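By written order: A, B, C, D and E. Residues from 1 in each chain.
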Amino acid sequence: MPDAAALLEVEGVVGGYGAADEILKGITVALAPARMAAIVGPNGAGKSTLLKAIAGILKPKAGSIRLQGRALTGLPPRSIAAQGVAFVPQEANIFASLTVRENLEMGGYLEPRAVVRERTEALMQRFPVLAEKRRRAARTLSGGQRQILAMAMALMVQPKLLLLDEPSAGLSPKAAEFLFDSIAAIHAEGTAILMVEQNALEALSIAEEGIVLVDGRVARTGQAQALAADPEVRRLFLGG
Amino acid sequence: MIQDWRDIAQILLNGLMTGSMLMLPAIGFTTIFAVLRYPNFAVAAYATVGAFAGWVANTQWGLPAGLALVAAFLVAGAVGLLAEEAALKPLRPSGPLTVAIASVALTLLIENILRFFFGNELRGYDLPILRDWRFDGIRIGPQQVQNTLYACAAAGALFAVLAFTRLGRAMRAVADNPQLADIKGVDPDRIARVAVFIGAGLAGFGGMLLGLDTSIDPLTGFRVILSVFAAAVVGGLGSIPGAALGALVVGIGEEMAGVLLEPAYRTVTAFLAILLVLSIRPQGLLGRAA
Amino acid sequence: MEAYIVAMLVFAGFYALMALGLNVIWGLAGMVNLGLVGFFAVGAYASALLTTKLLWPMPLGWAAGAAIAAVAGGIMALIVARLRGDYLAIVTLGFAEVIRLVASNEIWLTNGTDGISGIPGPWRGDVSPQQFNLIFLALVWCAVGIAFLLLSRASHSPFGRVLRAVREDEDVAAVAGKPVLWFKLRAFALGAAVVGFAGALYAHYNAYIAPDGFAPLLTIYIVLALTAGGVGAMRGAVVGALFVVLLLESTRFLAQEIPGVTPVQKAALRESIIALSLILLLRFRPQGLIPERTRTHSRPGATP
Amino acid sequence: MTAPLLEVRGLVRRFGGVVALDGLDLAVRRGTVTALIGPNGAGKSTAFQCISGVIRPDGGNVIFDGQDITGARPDRVTRAGLVRSFQIARGIPRLTVLENLLLYGQHQPGESLAVALLATQAMRRREEELRARAEAIAARLNLSRVLDNQAAALSGGQKKLLEIGRALMAEPKLLLLDEPVAGVNPTLAAEIARHIAHLREEGMTVLVVEHHMDFVASLCDPVIVMAEGKLLAQGSFESIANDARVQEAYMGRRVHA
Amino acid sequence: AVSSFAIGGKAFSQGAPIVFGALPPLTGAGGPYGPAMLRAIQAVVEEANAAGGIRGRQIRVVAEDDQTNPDAGVRGARKLIDVDRVSAMMGTWASSVTTAVAPLCWENRVPLFTVSGADSITLLPHQGFIFRTQPNSKLQIETGADFLLRQGARRIFHLAAQSPFAQSSQDVLVAKFRAAGGEVVGYTVYEREKTAFRSEVDAIMRARADTVFLNGYLPDVTILLRELFRAGFDGRRFAPAYAINQNLLNSLPHEVTNGAMTWQPSPDVDSGAFKRLERLFGNTAVDPYSAQTNDHAALAILAAAAAGDAGGVAIRDNVRRISQGDGEKVDNVTDGLRALAAGRAINYEGSSGPVEFDERGDIRGTKFRYERAAGGRFELVELR
């Protein structure tokens, strides 16, 4: 059911890795422009796999993915990026051997030079750790520092759609709070966000919609606050 | 054997001259490694291809040395690109070792294709051979000085590109994490092609210089691949200035043979030098720690 | 024709032994060893010298060949302890070259590039050349069989599991409580022993060894054999060796059928076909003919 | 009070210009689940690296169970009974989950070459024991389903679980966990907390780095706070959460008790 | 298998063709030599087939590439012996290949004709199955040294590629030069596969040698000549004719090669066999190895014809009968076959010399031709 108003439409997507090619067992979700949805669910449910499929890293076996009505299915990641989708993967999300500054510059690879310079400076101000470590190789960052860098790289472009895979993992409470504030701010500027989070309560509290993914299927969808309040969802997926 | 400082200076200079022949192929080798992260032994074949391309340009079409070198670069680069796309690229998902091994087979293949068309005869260029310069009893070869200059220029230019340009950054990003680079909008395949073209081209360029110094046959590149590989490793794989430096270490190591052991043990002294360097710096002179 | 096939199977046996040895060092423990032919030479020279100069009985010579190669392998492992991947490759390659040069230059010991001839073979001269070939065929393939069984056992044992862990991540293996260097050393020595044993047998089969015979080309063949067969799988090593000998030999007959080219072109075509087949094999069977599989499976329905 | 199981005195580690550890002192008492918290980049993981022998400290001492293990190789540290997990999960990608677990099993005679070749009875018996233990641990961590998968084919969270599972396999006296539940589903995280509590009952001592305050609050006592490579504060979770310095450096709004 | 290496497609008269195995290096370090060696063998066989073959039986050559590697050589020899059932083997080049292949030959009773130089080869217990057309290094170096002394050399530097005859050459040189009041001022063994020899050349310059003996092979001697030129060495340069051959002269500028001297075993200047081969090879001059393999084939053919039996033992036993003694002198197979058919005894004089063997299978007192490079060509200095 193509929705004229939707920014992102994922319809009946089936896909996986090599022999295990049915990790996603027919996923249908949609996101309207400038909305934010949080995806929650147990480990191994297929959350990251879904984001990878949208970002073009994984070619789905069946189903379709559309951005503003245009098919993304089968396009390489760089083309999808060029259409305004920024993706922060869960693992291996920085260039370890490049310096922090170069990482940011790579984040803005598709942007003009002047914009890159300007945003690099802006982001360094926003995240002072990055400014402090600008000349260091990213591999020397601590776990939390890496996470911030990965996030900042995605902010080097002004995407229509931001895909975040567990952005707060490994962040101190203070840093996580700051991060969620930042995400909310980016969202407020009109960016649509699809975010996978294990820090589920926090995520559902800033998102408008919630999606519960279990074993490759969408188990529940609905308003974020409502889901967060649902006792069964709380018990099964949100740690009580 | 060593009587005065002149002998020492001469040995060092000889090492430099010997090393100068390895520099360009080593830089080519390391350039490909820097982006694709596997040792491409086919640079041996690309060097031979360059030597033959230069030979054809020089003796068959009558082009001067400079233009023949350009031909060597272009033809070797093109062959490298073609071979990469057809033979090696499909193997990349199987891991660097598989590609490395396939590149050895590729070397055999290209060597024999050349043999098929050119036979085993030794060939020489239509170029004069210059006498050495002498300074106070020390001997320097103009040809080798020229080689060194070419290699340093190539190394400098490449290093600058890698370190300071958008393309260079993208190359290093692809080397580091091709998938993430793709996500950020880089076409890793295109970057790989650029690297392979430059790397193979430089190997071909170096191969022709090698041919100028020796003579060419289908084994021209193969004879030096061990030393080339050693140079790149000693310098630190993936480091462009490292490859140039490594070539010098290997060259000097080989020329020291006469002093340390016997000339018949050239390779042994070279490997002792390599072992020494690697036991102090396991990642090579200018390489980054793992 | 039968005699020829027998002889080629003997060769395949040597290659299989070498591939098995390499598989322990490279396939299991993940240490790139391009110095294979060096250990082969050490085994060959040790046994040849002991049996011709000191008149040791042959089986003792073979055992000594394996033992000396093992010691060389152990020393090598210590020297390269801190090196990884391609850095290891160049040092081991260098080792093989050093062995070859020593064999060429230390004439007092090795007879230099003249090589050592007249190395005894079991019942050589007492039986016909054909029978000698058959005896050796049995001998070599027995050795392959025993090596195969022992190494398979080692590879599926806890010992092999640690080696595979070392191959993937030394830090993790160390944190798991395993003395990484000690494991590497034993793997290197074990693999080198098998290769050295192959060298010893080879010397007595050929009756003659010379430095020229221990050129890097042989290492290339074995590495190709192992890759073709499947790195990590012991069966792969044996299958790969057979495959490479088949490829090397069958191309002779194929090349003969090509009309209208000179002999050099034929030779070039033959080697091209060999190279091309290997590239194609890697392309279409990237894990080799026999991919590595782990044998430790959980029991069905296992619950706490 | 008995001597602490682990004692770290004046630990220093520099990386080029960066001082990651700047004279860290800390002690872990036997039978506790101690938390080590602190801002990102405080030096927690570096402290783990130094204690477990993966990197060498530039100064200071690590004393474990009465033994000075400063700068000892990681395998020795592990065999002494101190096992750590990695923050950024480092599975052995081409081994299966089961093999990853078995790898951490100790006292396997089959790791000697001769025994491996002979496949002795002792080896097989020990292998059975380890296997039973591995299966039990996997079941606890929800990994039973992926026991035969290669570690490379796990989801991000599953890899973290495998990290914990492997460390448990070694039956350590002291377990060092670096962010065990980052990226782990909250329901499972709570279960892991219960499991760790259970291990403490059985006499194991645990030092855990974690940013999830619910997890820390429910499980850990005492809590050690470090910042900029040094000890900042120490005490029960309550006292820590109310410490102004800690709030300033570390806690967010939500955690203010 | 039917071989397309077979020469002479004419219908076979009488019975199966006789098969000769050729095992030259077509790839690897010997690659620059092998192809011409094989061509020389085939030329003779073609000629013999045109002359009606051996008592009506045609001859076929099956060639295998020894890859300049004993391991590959042994596999190739196995195939020739076991599959093609050759009655003679010829054209092995590298000493290591020859030594490795030799036991197979004598065990299977197949004579082996070789150009390898290592003295040890004919000392093997080969039961007469080895024939070496290359003079052993003692003989060869002695004549070379005599020539150099005649040319006025007194201070010689011996630069030898690592090979089985480096040391024995050195011993001979020292003895010869000392006896003549000269001196070997330096002796260096170098690694053949290297691409630079600057330090070696420095040593020559330092030793103030008036003559340098480049005891190596084509690729390395090419580099050495170049290096000597660069260094401004103005003494004599002397090398075996297989190291400095026409191919080398073609590949280097004339000013580099002018004056370099070579020597090789040779028949009389006007030898018909040599002329024939020269004609066949067109403008590339005949190198010593192909001159020898040309004789390998001729010897095998004539021996088989003389025996009336193409078996290996028969060939072994008849080689000396047709190559020495006071039979009718012939310098080609056509004449030889005709003479034998007519029942006359013959003495074959080949393109590499009079080819007479001693009891060990070594070539006996042969003549040598000494040449000097000038303007990219060889000119004869003397023949004795």
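Here, contacts are C-beta pairs under 8 Å (C-beta built on N, C-alpha and C of every residue); 3 or more make two chains touch, one makes a residue touch a chain.
Just so we're clear, the structure is a prediction, and the values are computed from it rather than from any experiment.
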Least hop count linking subunit B to subunit E through chains in contact: 1
Smallest count of steps, each to a touching chain, taking subunit C to subunit D: 1
Remotest chain, subunit D as reference, centres from CA atoms: E
Furthest chain, CA centroid comparison against subunit A: E
Whole-Å gap between the CA centroids of subunit A and subunit E: 75
Separation of mean Cα positions, subunit C and subunit A [Å, integer]: 50
Centre distance in Å when subunit C and subunit E are each reduced to the mean of their C-alpha atoms: 35
Intercentroid distance (Cα basis), subunit E paired with subunit D, Å: 74
Set of subunit C residues in contact with two or more other chains: 101, 104-105, 264, 267-268, 271
Junction residues of subunit B, two or more chains touched: 112, 115, 119-120, 262, 264-265, 267
Multi-chain contact sites of subunit E, meaning residues that touch two or more partners: 26-27, 31, 34-35, 162, 189, 191
Pairs of chains found to touch, sorted by chain label: A-B, A-D, B-C, B-E, C-D, C-E
Contact footprint of subunit E on subunit C as seen in their complex: 1-4, 7-8, 11, 101, 104-105, 107, 112-115, 117-118, 129, 206-208, 210-213, 215, 217-218, 248-249, 252-253, 256-259, 262-264, 266-268, 270-271
Subunit B - residues contacting subunit C, complex: 39, 87, 90-91, 93-94, 97-98, 101-102, 104-109, 111-113, 115-116, 119-120, 226, 229-230, 233-234, 237, 262, 264-265, 267-268, 270-271, 274-275, 278-279, 282-284, 290
Sites on subunit E touched by subunit B in the complex: 26-29, 31-32, 34-35, 162, 188-191, 193-196, 198-200, 202-203, 218-219, 222-223, 226, 229-232, 247-248, 250-253, 255-256
Residues of subunit D that touch subunit A when the two form their complex: 15, 18, 37-42, 44-45, 87-88, 142, 145-146, 153-158, 161, 179, 182-190, 211, 213-214, 249-255
For the subunit C and subunit B complex, residues of the former touching the latter: 32, 79, 82-84, 86-87, 89-91, 93-95, 97-98, 101-102, 104-105, 216, 220, 223-224, 227, 231, 261, 264-265, 267-269, 271-272, 274-276, 278-279, 282-283, 286-287
